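Below you'll find the structures, each written out as structure tokens.
There are two complexes below, and they share chain A, which is joined by chain B in the first and by chain C in the second.
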Partner chain A sequence: MSTSTIHDIGYRHYDGRRNGRAYVLRSLFVHNLRAAYGLGRPARAKVMPFLLGAIMLLPAAGSVAVFAVTDRPETLMRYSSYPPNLQVIIAIFLATQAPVLASRELRFRVVPLYFSRPVGHLDFVVAKLAALVTALFALMAVPVTVLYVGGLVTKAPDPGDQLLRYLGALLGCALFALVLSAIGMVVAAFTPRRGFGVAAVIAVYMVSTAVVLIVQGIAEQETNFTLSGWMGLFAPFNLVDTVQVRLLGASKSSVQVAPGTGAGVVALALCAVIVLGSVAVLYRRFRKAGLS
Partner chain B sequence: MPIIATQGLTMRFPRVTALDDLSVAVEPGVVGLVGANGAGKSTLIKILLGLLPPSAGTASVLGLDIAAEGARIREVVGFMPEYDCLPPDVSATEFVVHMARMGGLPPSAARERAADTLRHVGLYEERYRPIGGYSTGMRQRVKLAQALVHDPRLVFLDEPTNGLDPAGRDEMLDLIRRIGAEFGISVLVTSHLLGELERVCDHVVIIDGGKLLRSQAVAAYTEASGVLTVEVDEGGDRLGRLLREQGAAVREEGRLLVVDIAGEPTYDLVRDGVADLGLRLIRMEQRRHHIEEIFQDGPGATAARAPAEAVSAPRPGVPGTGPEGAPR
Partner chain C sequence: MNSTIAMITFRAMLGRRRALLLLALPLLLLALSVVLRSTGYDDLDVSEDVLQKFGLATLLPLLALIAGTGVIGPEIDDGQLMYVLTKPVPRQVIVLTKLAVANVLVVVFAVVPVLLSGLVLTGTTARMTPAFTVGVLVGGLAYTAVFVALAVASRNAVTIGLLYALVWESLLGNFAPGAKSASIQQWALSVTDALTPASPVRASVGLAVAVPLLVLVTAAATALATYRLRSLTVASAE
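Presenting the complex of A and B:
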């Protein structure tokens, strides 16, 4: 063999340190987070996430610019309504990137390689979900932060109140990221072909949002605002917005949110059910794939 | 200490029994696991990795119990699946480094080991390109590299030569031999071709329908069922007649003569016969066996048929009669 000279270096055993579970979990998280933004991958994998990230920044930057020129506080967008207002962009990000994390390693059957190593099933799922949550949080929190910092620099009125609302919005962003990732991952994990995965995630978002909007429209015609509010729990953005409005003191950005603090608690509980349910479903899905 | 030991290992699925009361123990070295497709080879590997609990029986890998110490086992073994298991959009380097980290190697060690291992399996400049553009041979090398990168004590290689052309097959077999001999890592390699395992293995285990057919050193196999293929330019029928007159068992298969090897004298017989008749000898080689042939005269396959042959075949308990007649 022409390569024999190089083979002559000989095999060396590894007697160095082997790190434990926490390190493996962290490596897995970082790997998946990089994958969510196409890092370590060809340029075309980076196009979508970074393009969408840039689009997310535009309204924030524009809003700050307009405020700087006009000095009218109402031109600054509300922090808490940033994700709901840009929900289409966020949904597209979720649809294109959730399959990268959830179904790519299923489709190419990489999953068994993990479980033939000291990688736990639950760790694997949690790392993947956490990576997508972090990616989505960054997508939303960065422009919201730009908005806040821009407001500070251009001396928006009442900085104390601004800070409180900003922190509340960050919590909201985290909740948006959790709920959306949980839904996106499950849908993508059951549609192994990437194209179908993208379509399926978009479809789930569009159908749920459209159906809720239609029912809400009819309910508002009938002046049944309570029904309209409760219906909002069935659309992901409206659901988290309910928590923002009822528990975090934000103004509503959706058509209608359910009334009372109790509705916020119900909405938050529903979010928890979605996230935990998603972990359970993904756990079973990947465990099965690990044996194929 | 045996690297793998199973006692009464049974695996039943709703429709099929993949493993049926399998008891076998193998010593360190390169061990072949042979069986037809669906014989239970991949199932056995999954059980040995501690991923699939068996329906009954116990097993240990490197002295670790599969039921209680599965996680420990997975730290010290490597696994190369039979199917394609590589993401197309990352480079071999990126992928193997990631897999090294999944084995607990710190970042710098992971990079170093990945580079070393990829070089050992014969991937050089191409390792920086995305795996999607690789040939089957290169993909098999990446699969092998990820199984070795964390320096396991034992690797499971499931059908590593699948889909390779003859040259690629030879290179892969050489690599497997080197893993066992130079790297000092024990290997369990599966194949449905006994012939190729004869070349690299110290010991071969044959399973069929989940049952143990045989488990013995390689030398014993070539001895037991060795036949000689003789091809001459012309006059094959005359040679066949001559050999038969001298008491050799000869069959004709097209242009070839197939002679049962009764021992060293058989080679002399053929050589002298060819010389006496003045024929041009094209080749004379020991035939590569396919698993099916072993099945036909193996114990337990068809107990009713050909009992004499089955009994005459060396059994694991009987010491082999030496390496004579086994040129490899």
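Presenting the complex of A and C:
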């Protein structure tokens, strides 16, 4: 058999309209966003995200209810401190849902199936990250909005100031979502085994927070508040809170935040590095995944 | 005990790079202790803070959760457990073997590091190191049994375990003192409290309540895991 030919066995070519890159991106994004809340999957997968979402809403609803009854403005929680106060719930949501988006295709070695279609490597990663960011943003922004609307309906004082602080808090929520998703996705992408991804994400959150708190505790005892503030940059919630306090004019919700506007800029730059670095790492991780 | 099952489980837990994840946490505790020791911040208050907040309240529940759910959860999920269940091995032997493996992992990756960290930080002052080691050990046994039972009973075991360890024990404990008394962490702390005269260790539960509860919870969780494994239905993964 020295000669071989490719036979035309009469397959029809596709000459129709191609939907293009934007369509691919949008489809991947919507699919992953639905997956983040377990939509389109069995009820077992929906229980946890919606349970955590409900838990997130409870303090906001309770706060509005108490304000409506007592009419004391201090019973309304501050918008910007909502995510830091409920950081444990947010971290658990991140830990349970980041592996859903980042690990499943790796675990079942189906990533090459995506890339055998016209899906760009970068598009794939960006769509996944954007989906998790949107899911987390919804988790935080909905209760904050409930808090704001509840305050409006029950006539909280100073509506103009409330609106400004609400918009600032929404920005903060977006930044929380970006930074947390970036960290969660990377960790989950490197621990594809079931259960391990969840544990690894929560471990990163808990260990960084615990270490920072211990060092901050010692620094506060020594009345070295500057060191305590800068240490805060190493815990994700404290990091974003620094940006909120120094650049968005919120009051601090963490133990200590680094002093000066410069600290806010540094914190914001650090957030940007985390997000961009995460995209780069994820790109490398998924590009060759499942081949060989 | 079945040595083959134990070996397979050990390999699943420690194979490839997974041992690194388990090792990273205790190494961090040790590194923190060494740094605190070398900078001179190793008085009794700080040491107690590190051993309790990092060792007992962070490292122990995390490791117990990883080990307890990891020894059996993934096998149930992807259906591999069927190959074990169809062998003529009693179900309770399977559960006890998995539990023993998880306990060994917790001892190696949580109890021993706490012991070392205590030695680095306080030496033998006020018998705090042995007290915390025993506290972490008994807490670890109870946590592991509970998390193994959870992994057999539910597909969302890891999340439920996290909600228990983080929300129930830590968050609610600050607001509702009732929730604080019903927590393995406090029971373990009570054992520690009884063993050391050091004043920074303060438990909210008496020893006479804590020890029976620890024994009861461990036994009940083991029994539940065995019972649930007897009637396990293996559905498709995901």
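Keep this in mind: the second predicted complex is superposed on the first by the 274 of 292 C-alpha atoms of A that agree within 3 Å, B and C clash if a C-alpha of one lies under 4 Å from a C-alpha of the other, contacts with A are read in each partner's own complex, and residues count from 1 in each chain.
Please note the rule applied: a contact is a pair of C-beta atoms (placed from the backbone, for glycine too) under 8 Å apart; a residue touches a chain by one contact, two chains touch by 3 or more.
Since this is a predicted model, take the numbers as computed values, not measurements.
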{"item": "Partner chain(s) touched by A:R104 [first = chain B, second = chain C, both, neither]", "value": "both"}
{"item": "Partner chain(s) touched by A:T96 [first = chain B, second = chain C, both, neither]", "value": "second"}
{"item": "Partner chain(s) touched by A:G62 [first = chain B, second = chain C, both, neither]", "value": "neither"}
{"item": "Comparing the two partners chain B and chain C, which touches a greater set of residues in chain A", "value": "B"}
{"item": "First (chain B), second (chain C), both or neither touched by A:A210", "value": "second"}
{"item": "Chain B versus chain C as contact partner of A:L291, first or second or both or neither", "value": "first"}
{"item": "First (chain B), second (chain C), both or neither touched by A:V198", "value": "second"}
{"item": "Chain B versus chain C as contact partner of A:P159, first or second or both or neither", "value": "neither"}
{"item": "Doubly contacted residues of chain A, that is, touched by chain B and again by chain C", "value": "41, 104"}
{"item": "Of all residues in chain A, those that touch chain B in their complex", "value": "1, 3, 6-7, 9-14, 16-20, 23-24, 27-28, 31, 40-42, 45, 104-105, 108-110, 112-119, 290-291"}
{"item": "Contacting residues of chain A [partner chain C, same complex]", "value": "41, 44, 47-48, 55, 88-89, 91-92, 95-96, 104, 191, 193-196, 198-200, 202-203, 206-207, 210-211, 213-214, 217-218"}
{"item": "In the complex with chain A, residue positions of chain B that touch it", "value": "46, 49, 51-52, 71, 74-75, 77-79, 81, 83-90, 94, 98-99, 101-106, 109, 113, 116, 119-120, 122, 124, 130, 146, 150-151, 171, 174, 178, 182-184"}
{"item": "Chain A contact footprint on chain C (complex, rising order)", "value": "18, 21, 24-25, 28, 32, 36, 41, 46, 49-50, 53-54, 57-58, 62, 65-66, 69-70, 73-74, 77-78, 155-159, 162-163, 166-167, 170-171, 238"}
